[in-house]
Every structure is written in structure tokens, then in C-alpha cells.
Amino acid sequence: MPEHLIPTHALLGGWVAVGLTLFIFSFLYKDNPLFKTGEHLYVGVSVGYSVVVVWYEVFIRLVWQEVTKGNYEPTIPVMIGLLIWTRFIPRIAWLSRLAFAFVVGFGSGVAIPRIVSSYILKQIEDTVTPLVTMGTGGISMSFDLANPQSGINTIVLLVGVFSVLFYFFFSVEHRGAGYVAARTGVYFLMIGFGASFGYTVMSRMSLLIGRFADLKTFASAAYGYATPILLAVTVISLGIWEKTRRRGDEP
Amino acid sequence: MTFLRRQLPLAITLIMGVTFALQYYIPHPISEDAITHLSKWMQIISGFALVLGLASLFQVHATKIRRKVPGWGYSVILYLAMLVTVLVGLFWSKGQTRVDGLQTGFGWIYDYTMVPLQATMFSILAFFIASAAYRAFRARSREAALLLAAAIVVMMGRVPLGQFLLPWTWDITQWLLNVVNSAARRAILIGVSMGAVALSVKIILGYERSYLGGGKDQ
Amino acid sequence: MKEFARRMISIDRRIIFLLIALATLLPLLHPFGLPIKVSPEVRGVFDHIEGLPKGSVFFLSLDFDPSSKPELEPQAIALLRHAFRKDLRVIGMTHWLTGTALADSIFVSVAKEMGKEPGKDYVFLGWSPGTGSLVIAMGQDLYKAFPTDYAKSATLGMPVLQGVRNLRDVNYLVSLAAGNPGIEMWYVFGKDKYRFEMGGGSTGVMAPGLYPFLRSGQINGLIGGLQGAAEYETLIGVMGKAVAGMDAQSADHFVIISLVLLCNVFYFVLRGEKGRPANA
Amino acid sequence: MTLVSILLLVLLPGAAFAAPFPLTPPEDVRALDTPNDAGKSISVVWKASPADSKERRVEIWMAEGGANQAKLEFKKITEFASNTRYIKPGDFPWWDQPAPKGDHYGKVPSSQAFPIEDGKPYTAKLVMRAGDQEVSSPVSEAISRPDWFNLAQINNLAFVLAFTGILLASINAARRNPHMYLRRIAGLDAVEEAIGRSTEMGRPILYLTGAGDMGEVPTIAATVILGEVAKKVAHYDTTLKIPHRDPIVMAVCQEVVKEAYAEAGRPDAYREDFNFFITSDQFSYTAAVDGIMMREKPAANFFMGSYFAESLLLTETGASTGAIQIAGTDSDHQLPFFVTTCDYTLIGEELYAASAYLSREPVLVGTLRGQDFGKAIIMAALILGTALATLGVAIQSDAVNYVLDLFKDFK
């Protein structure tokens, strides 16, 4: 592939990206200065990025542009926002409490009915469904496990929700029937966690695949073999660091 | 003074909380207007709150550099990275990562440092999962055994090779996710939500005050 | 036997690191291309978009940042390709500050590929703070919440937003989420009140927790992780990064499953001994 | 879901034999102010008919002005198949429904083509059309008004108020009697065993308080449990190691441990260096703690509080050193890893319950109790509701909705 296809800034970018990726991967060997550098660079850049975005999106877009248009409403939240910042000045730091009270009060109030609606009532509503259906042949119950809405699955769901709720019920001893219910709850929980476990493994592997796919791209001739060259450099650096460190440790 | 410091914040929380909890049940335009304005305000206020978080990070590393604690050099790196990003972002690229389809300096920093760093940070967990799979994921109890069995079925059922070798894992995975997992998750959701409602109620009524933090006389 | 088990269980973990690296790398270099089966969850989202008439308003919220790029970027690309192919009007945004530029570049690159113009066929609003409050603000008045888009053009009067006053005028909304703020937040503060139809896509980590919402119809479809993205790519017939990664994913899962099984075999062999299998 | 299909089944024979029915206008047409809205909208309800079918279409026509006005200019607003827009169970609660379930309901919001203002009368009529034939219904008038309360959501409000009442009552009860009954958390017995084993082996105990700061519930729970652990450790001569990543949490933990030693009567055995600060960086902290585990081989590792991706790295190393590991967290994304790598795990709310059980702090105990009441109500609703819903299908009765609607989410 002709090299001139990749502009200089992208070429440089590719090398930087590969280098930083390998810095982070070096943690697999052990915690080391290359990794720490990468980690701190990451925090620094993301804080810097956030500052710039907040500046433009909040202070310019939502406040300054509105005020210059003659809409002075944003000055009220700006005042409250400034109160939050009094936290930096110990003598009047208590003023920030007024702002927090405002924000937290609003947040809590807004949350209550919405949580009840979406996370409690709606969930009960969907769990409480008839186990049987009325068809032409009279009442029947579906035992089709493949259909999540079938009668048998409705029972499984009901038993599951009930027993897990019971497991987290602290006012009675788990004895007798309670023991059975709580154990059932634990088994449901464990299968649920198992599914999460499988999915989390899947997720992490996907991330690795994504990184390797990028490294593969940058390993091409068009990028000047960035990946293999920088890999060698990283390994050698780690070797040197290990040597100097040992020497430093011994005396 | 104590009124201003102690009772007034609690009163504000109470009024705001009750008002905006009730707002939900009131469809009248006046109530709609109130939430429209307030939500817009909150948008701006959260911008200020974000700065608070960033600033505290700033402080932590400033202290490290000042006291020259071991590893303070990394804090310097952090500062430099931040400074360069802010300067490039504010003064050179004017907050734009792209102008007329062309990458700006700010965009370059984002694409070639932040993206690979952040993406790689969590991809190393893949390696640790592998090593933990070999050394730590043991069926040490009946519960753990059940968990691992479910996990293995899901791991098989969710990838093409598993579906190809053992097609039944697909069906079982679907059932586990849609029925058993849904049940467990739903119960957890209901439980956690009750906790969240209880916390909100306690905040509004002044039983819970840790969010006020800061300053003395707590 | 026990001696062997003891020695096996205490091998250097870097050997396992190497194993997983190879299992990822080799299929990427030499894919074997297994067929991908589509689940009803993913089909839910696809079918809904497929059924939308031309010019419908499709809202795509990319609620993630670069740390979940490998999983959610392919989902976003596949959804956008589908929406643009169906000539929907697309509105994009993100609730994740550090994901803003990434979300923008996804929109720009897919739009370019499909010959779509900003302002006319789609708009990327960018990021704004507030999460739940922001959704309420958009539900009441989109133009107050986002006076300008990410490229700093005024949103009011944009051809793509014609007839759109607030979230009530959105026909379908999909949130691709790596955590909170994401799908649940969009439901609680958005769909619950403003009544648009909604679907979701998420990282694998999040996906199992979203099934209660899928069951109750609070979301009408769910794209889970890279596998979900691969299924969507299969549905629209344009293979991308997700399908390309599935072979490596298969290999990785098999390595992990084998490791877990081995680990437990050794554990049971050693369990009879006094104390626990110690010392790595 | 199923009720809908039953409804359709009942109505389907009608649809199948639609042709023989003569074309009649929709019956009992009634215009009304759309319930529970912000105004600027009128709704129309009418009776379902066995003649409703896909081929017969209903059109809503609206006009400005009252029904008795001399000249009304009707405009066609919308049209749809006559066998759609039924009121289904779940659309409206029984205490606030514009028409019985099974009837038709159509909403006409204000639009550019037909703006609706509050306080002015509007008149509606329905036209039934089949092919080129059409018949019109009598007209009906309504005035749109914004509403001050959404009656459909009164069950939501009732739930909030009842739960608040229960919560406050429980907290007050707990203030009077902080030792009210809570079941013993099984995981706490494991704590005892772990400490005993450490003493036997003469190795230290490692205790982590998680990634959160002092404002987070799981971190607070972690410090409460630390107090209990420290009290037990103080009785033996075992070393505690508590590495920190947040200076404020460290300061709190120092106090907690000191107090626990004093309470156990061993203030002399307390050492300031039980608690020590490492770093706030996630992975560097993890690497350092892993180092401690490898070098000092603690006999027991405790992981309490909130955790992120580092959980796996910590517990894996701990498992490989053969330590007893006990975890307690509400970070649900990490729970699967804790369960498989630790000997005992306090799952989610169990962590809060453990801290309430140990501290006997009235607000904690009362909250736990209040939530238990709430859960009991929900569990009862689940069982009774399913039984009733099933019964409703079996005896073909809508009467069960009087109870079922109480636990539905209406808009």
C-alpha cells in the first residue's frame, strides 16, 4: 500500500496511540513507570478535555450565548452554581450547603414518583399476569419454555421474584418454609449472577479484541510498522527499568 | 447564623423535594412550566458541580507536588497533560474537535491519546479474567457451582462457536436470560428502588444529611 | 496426580496472559467466519426501525465513552447505517462528557459514507450536563435544552428538526449505554412521560440487568455487547467490526471455559488435602 | 397481554362476519375533556360494535363551537380502522376511566390544522365509512381544560405516602427500641471463623473498605463492620492491616478501630499503623495491595464497600494465597466475581443489614424495617395478584381489576 495515503498527523497519531496502548498493557508484567505514566496522562487528558467541553457547552452555550441574546434567566442557576464553588473558600464554605440543598432536594423529589412508577409498579404489573389463557377449547396453560410469556415461565418468574425478595427480607428467621424460600431465592440470584458473569467476560474480551484490532491496523507498513517497533521498545525499556531497580534495591 | 447554616438548607431541601415530588402528579401547565425552568437550571448547575469534582482532583495532585511525596513526578505529568489539553482546546481549537470535517488539534489529542488510553485501561481486565478463571473461579459451594454452570452455558450460547458446537446452549441461554435472570434482576431492582425511595424520603425530611457535608458544625 | 495438580495450579499467570493474547490475535489474523444467529431481542430493535416510514424521527443517544468503544461503536454504526438507509431523520446526542468527540466522529463518518448531510438529514447535538434534568428539559422544549448543535449551528429552524418541538415528537429512541446515565435513565425521565417508543443497546456487562425492562415492554429490544452488534450487522447485511471480532470472541470464550474447567478439576483433586490449595 | 387476546377472540367472530351487518354509525359517541392532561386536547369515546372490522373505517370530525351552534364547520382530524383503539385493561384505572373497557377511545390533541384552546367548546362527530358508503353519528360537545391532578396516578401517590408513613413509624420505633428483631446475617458468623483461623495461624488480617468515599452507604457499612471485626481482633494478638485509598475514610477508620480496641479493653494493643494510606489511583492501589497479599500472606481478607474493576485482581491474588475471603458489596456488576472467588459474600442489601444489625443505629434499623414492610406488601401483591388475574381469566370476569389496577402503572 502506498504510504502517502496516511497524512503526517495521522501517522504521528498512530504511533502515539500504539505507544500509549503498550504502556498500559505493560501493567500485565507488573506495576511500572511506563504504566503509571500512561495512567496519569490519561487522567490529565480527560480532565483537560472535560474542562474544555464544560467551558464551551455550559458556560458559553447555555449561559453566555443566552445572556447576550437578552435572556437573563440563566443568571439564577449561575448564582446557585457560584454558591457551590464557595466550597473552595473555607470561611464561607457553608453557603455551598444552600446550593446542595437545592440540587439534592430537587433530585430526591423528582426521583421518588418516577422510581415508584418505573421500577416498582411497572415491574409488579408485568409480574402479575394470568397463568392460564382462555381459548376456544376452554382454559389452558402453556408449558412452552421457549416463550418467555408462557404460563410456566410466568410461574418461574413469580417464584423467582418472590423468593429473591424474601432472601432480602430481614424481619423473619429463615427457618422451615422460610428456609426453602430463601434458598430458592439464592439459586435464582446465582443463576442471574452467572448470566452477568458470562456477559461480563464477553464484554472484557470484546474490549481486548477492539484494542488488538487497532494494534493490527497500526502494525501495517502504511503506519511504518508502529506496533512491532514500539512493542520492542517497550519490552527493552521494561528490561532496563527492572535492572536499574534491582541494583537500586540491593544496597 | 445557625439558622442559615443548619435549618435553612434543610428547609430548602424539604420544600424543593415535596414540590417536585408532587409536580409529577400535576399535569397543569403551571406545573409543567416549573419543571421546564428548573430542569434547565439544573443543567447549568450541574456544570458548576462538575468543576467541583475536577478541582478536587486538581488539589490532590497539587498537594502531592508541593510535598514532593514519592511519585510526585507522575502528578507533574498529569498536570502537563491537562494543561496542554486545555490550552489547545480553549485557545487553538476553540473547543471544536472537528471543523468542516477536518480534525483539529484538540480532536487529535482526543483521538490519539484519550481514546487509546481509556479503551486499553479496561481491556487489560480481559487478561485478569483469564488468569482468575484458571486460579480463582472455583465451585467452592453449591451456589458458586450453580453460578459457574450458568456462566459457562451463557458463554457458550452467546458466541457463534458455542452455537455451532452445542446448539442447545443458545435456547438455554435465552431462557436463563429472559426468565430466571429477569426474575432475579427484577427482585433486586424492586429492592434497590425501595432503598432509593427510602433514601430520598429521608433526605427530604432531614433524616439523612451527609450530602450537605463541607464546613464545620455538622 | 496431586503433585501434578499442585504444580499446574501454580504456574506463572503470565503464561495465561499469553494464551488469551494468542486466542484473540490469531482469529483476527485468520478469521474462520462462523454463521451468526440473531436473537429476538436484537430483532426487536431492527424490526421497529424497519417498520418506520421514511422521514420518521429517530433519536440515537450514544451514552458511552472510549472505554466501551469496541462494543458500542459497532452497534452505533450498524444502527446509523440502518436508519440512514431507511431515510429517517436522525437526532444524536450523548450524556457522557468524555464520549462527545467519539460520538461525533461516529455520526460524521457514517453520514459521509451514506451521503447524508448535517442539518438536513441528521443533527448531532453533542453533550450537555444534567442527565435526568436534561431529558426533562428536552421533553419540554428541545431548543431550550440545545440552542445549538455540536458544530455550533442554531438548532431552531434546522430542516432535519422540522415539526420536532420536544421528545414527544420523536418516533423511536435508542440509547446505547455503557452504564448510567443510559437506558434506565432515558426510560424513567423520558419515555415514561413523553411516550416515545424506545429500544436499547448496551455493553455486555449491563445487558443482563436490562432484561426486566425488556420483559415488561419498557424497551422493545436490546442489543447486547459485541455479539448483539454482530447480530445487527447480520440483519442489515453490512458486516463490520463486530462480525469481524466474533471469531476472536468465540476463541476467547473457549479459552476461558477451558480454564474454568481445568481450575475446578485441580481444585477437586486437591480438595481432599489438609487446608486449601494454597500458594501460587 | 392475555386479556387483550381474549378480547380479540371475543370480538373476532364479529370481524369475520362483518359483511352481513348493515352500515350503522358509531353508537353512544361522547366527546370529553381529555382526562389528566395539561389541556388543549379533546377525547372521544364510543361503543364497540360487532360490526367493527378492518374494512370499516372510522373518521373523527371536529368543529369549533358548541353543539347547539347554528353553523358548525367540521374538519376531518384522523381516520382509522373501526376495530382499533379499544380501551384495554391497563389503559385506564377503574377509578378514572372515560368509558368501560372494551369501548373505543380516541384522543384529539391540538395541532396546527386544528388548534384547540382551553375553555372553549368544541364539537365532535364520528363518521363510519365502508367503501363509498358513509354514515355519521350524532354530535357531542366538550370543553378542554388543564387538570390539577392526575387521578390515574393516585395509586402511585398512595404508595409513596404509605411507604413514607411506614418508614417514619419504623424509624421512630427503632429509636425507642434499637434492639428490635433483625435476623442474624449468616455472613457474620463467617467473620468470626476467619478471625479465629488467623489467630491460629499467626498471620495478619487484611481489611479493605472499597473505592467509595465517606458519603456512600456501602463505605459507611464497611466502617461499621470494621468496628466489629476490630473488636474481635483486639481479643487476640492478631495484626490488622487496612490499606486505604481515601484519606478521609482512613481518618474515620482510625477512630473506629481505636474505639473498638478501647471497648474490647485492649487500648494498649491498638497501633496507629493498622490503617495506612497507599494511593488514590485505582490500579496502583490494587497492585500495592496484591503485593501485601503475596508478601505477608494474610490468613483472612475482607472486602467490604463498593468496588469496581479492581475487585477481580484483588480477590484472585487473595484466593491464590489461600486466605479465607469474605466480601460484602452492593456493586452488582462485581458480585459474580466475589461470589466465585470468596468464601462468603454479603450480597447487596445484606451489607446494609449487617451494618444495621451491628451498629443498632436507629435510622439504619428503622429504614431496614420499613423496607421490609414495603417488601412484604409487594410480595403479598405478587401472589394475590397472580391468583386474581388467573381467576379473572378462568371465570371471565373483569371484577378482579378492582384489585389489580391498584398495582399498575398508569399515565
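First chain written, first letter: the chains are A, B, C and D, and each begins at residue 1.
Convention: contacts are C-beta pairs under 8 Å (C-beta built on N, C-alpha and C of every residue); 3 or more make two chains touch, one makes a residue touch a chain.
As the structure is a computational prediction, the values presented were derived from the model and not from experiment.
Undergrad: Computing the C-alpha centre of each chain, which chain sits at the greatest distance from chain C?
TA: D
Undergrad: Sort out for me whether B-D or C-D is joined by the greater number of C-beta contact pairs.
TA: Between the chain pairs C-D and B-D, B-D carries more contacts.
Undergrad: Please report how many Å separate the Cα centroid of chain C from that of chain D, as a whole number.
TA: Between these chains, centre-to-centre, one finds 23 Å.
Undergrad: Averaging over Cα atoms per chain, report the distance between chain A and chain D in Å.
TA: Once rounded, the distance between the two centres reads 20 Å.
Undergrad: Using mean C-alpha positions as chain centres, tell me how far chain A is from chain C in Å, no decimals.
TA: 12
Undergrad: Would you mind listing the residues of chain D that make contact with two or more other chains?
TA: 153, 156-157, 160, 283, 320, 332-333, 336-337, 339-340, 348-349, 375, 378
Undergrad: For chain C, give me the residues that contact two or more of the other chains.
TA: Counting only residues that touch two or more other chains, chain C contributes 17, 20-21, 24, 67-70, 97-98, 100-101, 128-129, 133, 136, 192, 205, 208-209, 212, 215, 225, 227, 249, 252-253, 256, 280.
Undergrad: Enumerate the residues of chain B that touch no fewer than two other chains.
TA: Correct list: 21, 24-25, 32, 38, 40, 42-44, 46-47, 50, 71, 110-111, 114-116, 118-119, 121-123, 125-127, 129, 131, 133, 135-138, 140, 143-144, 147-148, 151-152, 155, 158-159, 174, 177-178, 181-182, 185-186, 188-192, 194, 197, 199, 201, 211, 213.
Undergrad: Hey, which residues of chain A end up touching chain C in the complex?
TA: Counting only chain A, the residues touching chain C are 28-29, 46, 49-50, 53-54, 57-58, 61-62, 65-66, 107, 110-111, 114-115, 117-119, 122-123, 125-126, 148, 157, 192, 195-196, 199-203, 205-213, 216.
Undergrad: Which residues of chain C touch chain D in the complex?
TA: That would be residues 10, 192-193, 195, 205, 209, 275-280 of chain C.
Undergrad: Per the contact definition, I'd like the list of chain B residues that touch chain A in the complex.
TA: 4-5, 8-10, 12-25, 37-38, 40-52, 54-55, 57-58, 71, 74-75, 77-86, 89-90, 94-95, 103, 106, 108-127, 129, 133, 143-144, 146-155, 158-159, 171, 173-194, 196-197, 199-201, 203-204, 211-215, 217
Undergrad: Along chain D, where are the residues that touch chain B in the complex?
TA: Per the touch definition, chain D meets chain B at residues 36-39, 146-150, 153-154, 156-157, 160, 163-164, 167-168, 171, 214-215, 217, 279-280, 283, 309, 312-313, 315-316, 319-320, 330, 332, 336-337, 339-341, 343, 348-349, 352, 363, 367, 370-371, 374-375, 378.
Undergrad: Which residues of chain B touch chain D in their complex?
TA: Against chain D, chain B makes touches at 21, 24-29, 32, 60, 71, 121-122, 125, 128-129, 131-132, 135-138, 140, 143-144, 147-148, 151, 188, 190-192, 194-195, 197-199, 201-202, 205, 207-208, 210-211, 213.
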